[in-house]
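You will see chain A twice below: alongside chain B first, and alongside chain C after that.
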Partner chain A sequence: MNAARLARGLLRPGTPVAAGLAAFRHGLALASTLPGCPIVQPLRPHMIEPMRMTSTFDEMWGRGMGQAQSSDCEDAAPGLQVQAARPGRLTQAQTMYEGLRPPYRAFDDWLRAENPARLLKKQREAEEVFRLTGITFNVYGRAEAAERLIPFDIIPRIISGREWARLSRGIEQRVRAINAFLHDIYHRQEIVRAGRIPVEMIARNAAFLPQMIGIEPPGGVYTHIVGIDLVRTGEDEFFVLEDNARTPSGVSYMLENRETMFQMFPELFSRNRVRPVSNYPRNLRRSLAACAPAATAGDPVVAVLTPGLYNSAYYEHSFLADKMGVELVEGHDLRVMDGRVAMRTTTGYKPIDVLYRRVDDDYLDPLNFNPDSGLGVPGIFDIYRAGGITIANAPGTGIADDKAIYSYMPDIVRFYTGEAPILQNVPTWRCNEPAALAYVLDHLPELVVKEVHGSGGYGMLVGPTSSRKEIAAFRDKLLARPGNYIAQPTLALSTVPIFTRAGLAPRHVDLRPYVLVSPEGVTITPGGLTRVALRKGSLVVNSSQGGGTKDTWVLEE
Partner chain B sequence: MLGKTAGGLYWMFRYLERSENTARFVAAGQRIALTRSHADDEWTGVLQTTATWDAYRAKHGEVTQDEAVHWMLCDRDNSSSVLRVVEAARNNARLVRTALTREVWESVNESWMILKEALSQRVSERDLPQVLTLVRQRSAHVRGAFAGTMLRNDIYNFARLGTFIERADNTARLVDVKSYVLLPSSQAVGSSLDNVQWETLLRSVSAEGAYRMTYGQDVRARNIAQFLLLDRRMPRSLAFSVGKLVDNFHFLSDSYGTRPPSAAQAQALHDDLLSSGIDEILDRGLHDYIQDVLRGVAAVGSQTEVDYRFYA
Partner chain C sequence: MPDPLRLTVRHVTAYDYDAPVPWGLQQVRLTPKPHKWQRVHRWSLEVEGGRKEAHFEDQHRNAVDLVSLEPGATALRLICEGEVEVTDTAGIVGPHGGFCPLWLFEKPTARTEAGPACLRLAEAVQAEPRPLFRLHDLSAAVSDAVRYETGVSHVGWTAEDAVTAGHGVCQDQAHAFIACARALGIPARYVSGYLLMEREEQDASHAWAEAWLPDLGWVGFDPANRISPDSRYVRIATGLDYAEAAPVSGARTGTGGERLTVAVEVRAQ
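After this line comes the complex of A and B, so read on.
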């Protein structure tokens, strides 16, 4: 993809739907912490000049969904509307139908024959299924009704086999580069010696874990489980928004969404050849077992470590342990004994070989990291260092998915794979560079500017939705500490229709495929978690802000 | 299995059993109250049955039907109210989710959602029968899913231990509270009023029909005591519950290859319980006997927690 096209596809300043990439990213950056390091790489020229594009790419209908978002248009998409005179039938307006993209053809045939009343009923049934199953996330700080459901939309997001083949090549390339990068960073730091990444990006980065220097993780694997957050802006334009190399969550939704679709619309799966996702837990267990440490005797014993019942992702932790057929443990179930980490069973302590931990590095071991942690296991890191246990993902992987390192990912991919990156990064201006700062100051109304180590969506500017006064105030902050900020363009994210009472309506989506890494290879589950911003025009897919999920299909081809 | 998981299963099923029994006690209380002029006095006895009498008195000056029912069903200040124990059962189920089948988990989760709604505010006297039925039905629903889908392994045994520790305790308390009705009648034929109370006692454990099958129409205190304490065919009796404890300890000892102190204690309690006939128990003093039983059951419970490493 050439530079001009890249920029053209990316930049879309000042449009009403561009509610803010930063808010969007915040929604995705569930586990990240941000480092506070200056960014010193020279700016790439192609990032400077923005081009304009006129419409949003809809994955079902192709181009032309822009008009659905104009203010005088009802919520329904132009493609499908409920016809009041003949209750119960979804019909399509011929003019818009021409754009129907091939992966959606069989689905569209089915949909047009469907009765909207039945679909509404099915949508409600789906919610009931989720409620009963208890697929919830916890909201912190609320004693009552602390568990919420994430809304589920019954219209699947469909990806063709050809699209997926390219995506998965790009994902595998990126994940291999991330693992090579981590090994390098904790050993010889060749990439720093080669001048591709400034040394202070690593040394002064809060996500860099000095305790990991020189450690060889069992099987040579750092990131056993990775979630790559992707967005789409056009037919062949995918961007990586974020790499999740610590403890990516959401895979239980991927599995339960498919299960729910199977139950509600079995006929859809005989009309469409959808690649299965259900072997993820089996693959996960096999992948983890393949990384067992030298101390393992016999079949590797795998366990999932959860912070406990009140963690927001507890449902997922128990779900994965259940589906893998392994124990779900908390810190107080474990102790260090005879050079191993052992779990308290009804018949005594039993060693664990591989621990899939869903606890952050900092809380893993009060003796080696945060001494106030009650969630971890005292001394587990010493056992890890001695080869007595595999911790997945390895401690210290946060250096690879850190927001500041993100802007170097294309270089990282080139450096370790010797290939051009298949997946693109979102261009990022590092405001400590004079040329970048000048550009950002000139284009504040169309950019998203955020603190390098801010989180929670605070301290950032979403240009397109901010008033002049807000922009002026932010400009002063930016000028006072430019090194504290990065800026990105507002992306014209693709849409996929959702089902509403008024018919189909386009909503912005992202995609998080799940990747398993072991000495046996890289396994990417075809599909992933599609999150959808349910509010009209919104780019925020965060579940706490009206975000929902969809089943994601990858078609056999 | 993790010790924590064994403990979670044990408590999940204790709480489920307690929710059902509490609903039964409230139903019995209401029944008695309908037949008495001093209805509120009767509620004192019912509150004592649930072992929350001290906590109730700390909060309320006097006993009224309204407050007693609210306390036992909905009050968050009462750690054994139906609302609180159903919530506790569901939290334990979440804790041990990997040990349960999907059916059992969904049944518990649904029960919690339904009962949380039904008990979110004071239950009016008019709605009380339906609400109490609902509690019993939900308990039966979970029990059915459990019996129908769970593998008979150690997971099953720990759940059963919880069920029968709680049931033995609850039945013993029920008999204890009514012992003042039963005792004088062991020598004399009771008044018509006492007959109503005995029947209520039977009714609260859904055993009127079973009693009639066993003893005919002749309602006698001695027979009721024998039935509730010693009849091994009656599924809510003390003897039945303790017998089940012994059975489940046997299964556990067999599968683990060791017989821990709790198993021996349960066996001793069982032998003790069945070695005396009902007349001997009544002569010795029903209340003292029950107190011994309650202490014995509690001791088996705490020894189980130690033997199977429920806690770190």
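After this line comes the complex of A and C, so read on.
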């Protein structure tokens, strides 16, 4: 590497993004007005447009690289400095850009030596890999895109070993608290008796499953698999946005993203000591097996229950079963037999010890829950209650990841662990409280308002990026059913670089680490799934709403 | 306190199917709850035409058997036999036990949602300031409003259906009592069980209701007989309504019809 490039490439840790502007060398397609320096437009407050489900990927790449402007530095790729992401109306605070942080240094050196045209080719190859592998994601209610590819970005999200150590301590603390909370809620409800959570939060909660009362799940585990959605706002500031204690999805993307990066850029993994994620399926199987019920004879038999081919996450269900080396089954493959739940195989029925189900509680057992369900197994919940099978995650765990319960998580962590929470919770207004509702109604343009039981980024209002009309319409919904909503301040979410036809650009991200729980302990795969809002300025990272994903690296310390 | 009564029970539930049934499962709640005031000396549940798959306690601590039909069965027989000793406590069952929070018994279920008819009944007894007396008044009011008559109501009826129709069986009266008690803010639950009557051979098991009062705990009310249960009553299962305490509930495949015959014999020793 020549000295001049080395000098240009030096990234100063902690340099504010704005200050890095002068050092910004190349945009791949940015119009240049100043000699040698592309013009940088501050991000405008973003207006959410009617969603188009033709992939964001196509929009990004459709016009190709041919229009890339020449500059005086064509010989080198851009490095990780990008135009400043001015938060506009979003927040007063500075948005943290992660791309200039120390963990990215080795990657940045590599990137600077790369030919942009080769990167573009690689990005396209990556897309092709995903298409061929068949990783797709169904978006409900959108006929024009029954199967859609989730866009993948080739710039990894990089987290240092030190940052991860602290994060994983916080995650483990939170997940242990969630399991203690679930056991308590389905037994003595000490936390309610102690006055730390109002009884209505449980009594009026549709996610509370009375049939779970008094049940001791095998191994004492309720949430065998948890996904904790985190966002970053500063150097050591991570907020939990959401806990996913039912059936968190997306882990197949974590694995495929890494696999794809290995294929595309093997050299990167000799330059960076990246902690592996590929043992997730093995850990998952071991963790599930460790929760086998008393009725198990010999090596625990694990299976994955899917609602079937038409489920949006079917790919992931079959992927995980395949990687774990276990059967993928549907409800009609299973039946109650000899006090167990058995699956039909080519050699007859075989009892299942642990069922990793990707079917919602309500559809799990028509005998005990929704009688119209054709996806479940009649009587499975009775076999569960009799100790004949482990259902992972346990039914009824939704009471722990409900967005109204979320606002009590700091208390929940303190109550069950006796420790101060390591991870922060986003301050939350519960709109069922009159004072909170009044505040929220007065500040809608600044707030994010979510449905208590919503998911997938649907049914929410992102005040700062919504039009007056949208806000007015949401106000009516809020007034009609205040208890259905919570509100949070708009956080200055960190951004990371993504690769666009116009060069690198900062986009908001979150991070979903995957956590396995068994009597043997809590296992957190280093990294997780980074979801990125591909639309400029957007804060919505959900894949159903045009979000993409990235490989996530945790570096060895 | 009068001497406990020793009751022998024989209860046969018979399903006869018009065509062989390929597959079927039944949840069976036919084992009496042992209790301070109800000692179970012996009890057996035998299954013909099916097999017991699993046994567990549900959230109300009812003993439940999951029974599968033999593939191709044309009949299923559930035969209960046993001996239970019951103490007369004037209907008082006592403190709430188990992990089900009391608020669960204050929330209406689909079958116990109080509509205008139930609310009128509840309002009519509201004037009585003493809670226990108010509940006795309610039991009598339900008994008047829902005349006991077999063969007119449907197993799927709600409390409101029964009060509107003006007649029903013990299940409907229990639902009506529960709906009204909950509308008055009093926790209430459904009880299924047996009753010693002059006529020893009966063609159905019995059902009544219990309400919870701060000083007494759970107290039983039987609107069908306008009394609180005494030593002639055997408690089998409890639940928020019939659906959670039903002696038998299940699902099966096969298109043919079925006939259900119930024979209950309760004798005092």
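Everything below uses one rule, namely that the second predicted complex is superposed on the first by the 410 of 557 C-alpha atoms of A that agree within 3 Å, B and C clash if a C-alpha of one lies under 4 Å from a C-alpha of the other, contacts with A are read in each partner's own complex, and residues count from 1 in each chain.
As a convention for this text, a residue touches a chain if its C-beta (ideal position, glycine included) is under 8 Å from a C-beta of that chain, and two chains touch if they have at least 3 such contacts.
A quick note: this is a predicted structure, and the numbers were derived from the prediction, not measured.
Chain B and chain C, once both complexes are superposed via chain A, fit side by side. In the overlay built on the shared chain, the residue A:513 is in contact with neither chain B nor chain C. Once chain A of one complex is fitted onto chain A of the other, the partner contacts of A:346 are limited to chain B, with no touch recorded for chain C. When both complexes are overlaid on chain A, the residue A:379 reaches chain C alone and has no touch with chain B.
Legend: residue contacts after superposition of the two complexes on their common chain; A:338 is shown touching chain C, with no touch to chain B.
By the touch criterion defined above, A:329 reaches chain B but does not reach chain C. Look at A:210: by the touch rule set out above, it reaches chain C but stays clear of chain B. Touched residues of chain A, counted separately for chain B and chain C, are more numerous for C.
By the touch criterion defined above, A:388 reaches chain C but does not reach chain B. Fitting both structures onto chain A leaves chain B and chain C with a minimum C-alpha separation of 11 Å. The intersection of chain A residues touching chain B with those touching chain C, taken from the two complexes, comprises 335. Those residues of chain C that touch chain A in the shared complex are 23, 25, 27, 53-59, 61, 64, 66, 68, 98-101, 103-104, 107, 240, 250-251.
Listed in rising order, the residues of chain A touching chain B in the complex are 131-134, 309, 314, 318-319, 321-322, 327-330, 332-333, 335, 343-348.
Across the interface of their complex, chain C is touched by residues 186-189, 192, 199, 202-203, 210-214, 335-339, 366-367, 371, 378-379, 382-383, 385-388 of chain A.
Contact residues of chain B toward chain A in the complex are 1-6, 91, 94-95, 97-98, 102, 105-106, 109-110, 113, 154, 158, 256, 258, 308-309, 312.
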